[in-house]
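Listed after this line are the structures, all set down as structure tokens.
What follows is a pair of complexes built around chain A, which joins chain B in one and chain C in the other.
Showing the complex of A and B:
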């Protein structure tokens, strides 16, 4: 092959075959392949598509969950010690602590010693909360209620990090705590939600004792299915009195014995 | 552990009383970084920051040598750095102030030869200190003087060249998709630094599968490059012992013993990996190691000992140097806004890291990147790429259209290679450039019209 001027003058039939091959390749991978180029730069369409996806991801991070949604879901609103979106990103430690007035509110408005304390938080994607939680939460609440598990008073935490559930669970002396929180958006989806849960929540509890169900969104694990799966997992946590790495060890022992 | 009492030297007596230790001066003198704020060690004000820079400017290199930021007895990274100093060269330099070092580096009479002559006498703390005095243009200028080459199957870092890592990651470790991304990347002329894959599953099976597929492709098309699977070093070692074809051995590094412990490595293990790499790598070498680093990793693992993230980053390079690596790059914007907040901080850190790596004598590149929860976008890393191409970095990471769908972050695009070569009149590594020409992708110092067409490798 030489870089002569006829290099591109190939049989049009071959071109069509090539185009089909390329489309097949591009279709089977989530990677942005076969976008072409304009000089050394991406074509305008590919460039704008990329910017659009990044825009959606940033909007998910920098916008907040609508108050009316929190009201509709009948959640008690709490705040962490974070003042604004900028501080939320720069100071994860403040997002793990509740503001003083929210601790007071927690005790005033929420029932103590629930079996499973449910926490919802915008985390890094308000879009994830807005799209998935309205479907997931009723399945979770009803499923746990059917198993006679007390879900107490579910709460919403503004500017929350995963570990804020340790504070809430400890304050209310919950047996178990679950947090539904928006994940850091990728360019492919800004709607991904995670559910972390812990048995015997307490401040400073190790990460390894937490369990997680991640990738909850319509083209990942659908919210309704995630809700049903969480009911089973949480019932198991209460029965085994363990979560995270402790639970996995129990499971392993069980498998070995059987 | 007792530390030698430190005499802070400065002509300004009013600041003498304001700092208690070298660690505090170094932290306070750092350009603003959210990671130092999170650690509670950042300057409280810009005035205090500059006061610390003044103290640092007047500090002798000997003071920095004698006050390593983590004590010798407590930390093996400190021991590697201190024991690696060539004493007669250090003796020549120890009375220099940090300001003297800065002015030496930016002097028009100073080139690679002059810098090479002082390198063995420097510690990572000295290099961190001078970095804190340098402006962004100082960093670009001084980096552009340094020419550090390294050889695996190809040679990177030669004057007039700019290389790229092709990063064909796939969220399902689907090897067929990886090969598709490799075809496309090679068609854009990238991949001469390494074809390097981050696996999702850190297993011997996956690592072996990725190494075999990349090795086979490189063999089939006779590509002058090297492959690497960026699993944990122990996984790669197990795979290689079972015969997996790896050209390079990879590991992430931290700047403290405790930080490396978080990464599941220590100096003994790295020694063992280096020894295995020299015996079992499928490449010709002699440089067979690949390391990644990034400011903030130590704090994120609670292993920072109250030391600022730039100084700890410098110490990563001090450790890396021990293993004569082929490639070292900082993954500058990956860690998140609590360490590097926005485009300004990412660009600054990127310039600092590449400068510090090259001053350590490393073949230094960069993953100029950002996540979606940081105040930065593609424009910021394109800015950084232009600055670092001007500075003569050895290589950049590239992914298809800048979007890594596995690691969920954005880096430079395959497309950026052609633009940077064109802007700065640079070329890929010579053997790779000749291969591109044979494939009809390179002609007269430019990509040809066929570039970007992966069906060339059908």
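Showing the complex of A and C:
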């Protein structure tokens, strides 16, 4: 063969029967590509793998954050109006409200008017809280302390939704509130944590005025790095006295067709 | 906070043995959605493709710096951009030109003249890699997952870069860094012997002399070049190129023509791309082998005809004669990770020498500290702190990303930096995503001017240029390079 004649002849991606190339494509993504089939069903290996992942996801949602971890992190435990895990899934609204005794406890045990009120909550993944918060929280607290930002008394909320931070922040008259909460388990991992934050928290505040840093886990944004990143972001929120879309001037110009 | 990410305007300048060229390109930056992703250059568009010009020389040892600068000026005018608009890019002297006495001042002058953040680079290995990125060999390896060699045959040297695509992954926005398995460079090129219009030998460069002596061929300045002698000379050159691509073992002649150390393992090549002034002619050798007054045309024909080459899968280059300049213009700049810790007042930094902190991460804290101390000692023994913009320490592996670990590293760094003058900026580079936390932790104990960058692969002995923040201020452009003149 001359160099000329086979110039384009051997591109493996052209060959759909090339098992090796297909394997490499499938290996490059966490999606369930090219798992094969046995008759009308997935093959045993693929089915077991799927069941395992699904099991991990369910565990993340249905397990509880260990009490000793909450103690170690020195968090004040609060509860929402949710009674159990099933109700948590069925009634997101109850996960946004604090139980009556928890509101009392909040005022008894937490200092008022912090610069940044820190809230930790199981949300949809207790696993995420257990793996990431122990690394993230100390970085966040040290970093904020170094900037002379008062973090008040960090709390833990069982069966929480993102907007429970509005209630806590409003009750304590915090300038800003951040919630470290387990994300809905997804394709890549059941250990992913998010940090949602809001300036001037108040009940019923719109999501649009909140910000989020998501995908915090070992193979996403590493928890320690997320902690440091949040220090910068929260300092900026306090400085600008804004969060969510209020921080993003570039997005505010909506074009209307005339 | 803004997400506006305009394209970067980048220049590439290649001053080679025979020809020189400049290109202007636009590098599009994007940050994929999701907080874990870092900005990346996702598209490279060449907006001005300069003419291929003969490299102006004052004499055989000296490049005509003023004329090179003048042609770069003309190219910029033709492209319609002023130096002030150029964000990044690289100047490289290649082939035999890198050995000319004024090569080093030349690239530094061009780099400084053409833009705020244009890097001066040199070195056969870097040249090989840039040519392979410019020719599309690297992309071919990434797309196919194969091992692809780029063989850039120029006037004075042949630079081979072997790209291994088996480990690359597609992050959804194009292919991630394909690994450079190795480079192999040798003193073989089309212009080792030049011939005048009457077919008389005009010049014979030292490597051509080496070949002629080894084969006992009569090649003398002023006398006619016999067709048989010429063919044997060329076939020895092609043998050396092929041998260099396929060995070890290597022939004695290949070894004496090689630049740098030769590798210990044979590559399993799935494809080969030829680029460079001679490489370009491999597909279409000229009818008259002396069309260019040198061995280039004949050499190209001999390569195409070589038995081993005919057994290879040869792919067409995306760029041929401009492969290196396109590589220099579009592929030298990388972006650091998004979360970085910066003292912006010191930017840009140029030609920052790098020492690597490497070794097993499982080491005890004590040995770990010693490795940091050794890295600073190494850098201070090679570079006078008064002569450099900054120094850089590159940490190969931080280990598990825990807060405890970060504190151990910050401690080790702090004591290792003690002997460095407090006014000299220090750049700390990590491969893992941890610059912000490391930067914050370090800042608690030191107030020296610090720059912590992550998600960059830099090795000891490299040099680093760091530009001003881009991608909404969350990332900096960086050029990792060698400055090995006269290898």
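Keep this in mind: the second predicted complex is superposed on the first by the 231 of 258 C-alpha atoms of A that agree within 3 Å, B and C clash if a C-alpha of one lies under 4 Å from a C-alpha of the other, contacts with A are read in each partner's own complex, and residues count from 1 in each chain.
Keep in mind that, in the parts below, a residue touches a chain if its C-beta (ideal position, glycine included) is under 8 Å from a C-beta of that chain, and two chains touch if they have at least 3 such contacts.
The model shown is predicted, which means the values in this text are computed figures rather than measured ones.
Legend: residue contacts after superposition of the two complexes on their common chain; A:143 is shown touching chain C, with no touch to chain B.
Residue contacts after overlaying the shared chain place A:21 against chain B and chain C alike. Of the two partner chains placed around the shared chain by superposition, chain C is the only one that A:216 touches, whereas chain B remains out of contact.
In the three-chain superposition model, chain A touches both chain B and chain C at residues 1-3, 7-8, 21, 28-29.
Of all residues in chain A, only 1-3, 7-8, 18, 21-22, 25, 28-37, 39-42, 46, 50-51, 53-54, 57-58, 60-61, 89-93, 124, 184-188, 190 touch chain B in the complex they form. Only residues 1-4, 34-36, 143-146, 166, 169-170, 271, 274, 282-283, 304, 309-316, 339, 341, 401-403, 406, 432-437, 439-440, 444 of chain C touch chain A when the two sit together in their complex.
Of all residues in chain B, only 34, 37-38, 168, 170-171, 174, 176-177, 180-181, 184, 188, 336-338, 341, 371-375, 377-378, 399-403, 405, 408, 410, 413, 415, 417-419, 421-422, 437-443, 447-456, 458 touch chain A in the complex they form.
Residue ranges of chain A in contact with chain C, taken from their complex: 1-4, 6-13, 20-21, 24, 28-29, 135, 138-139, 142-143, 146, 212-216, 218, 220-229, 231-232, 236, 247-250.
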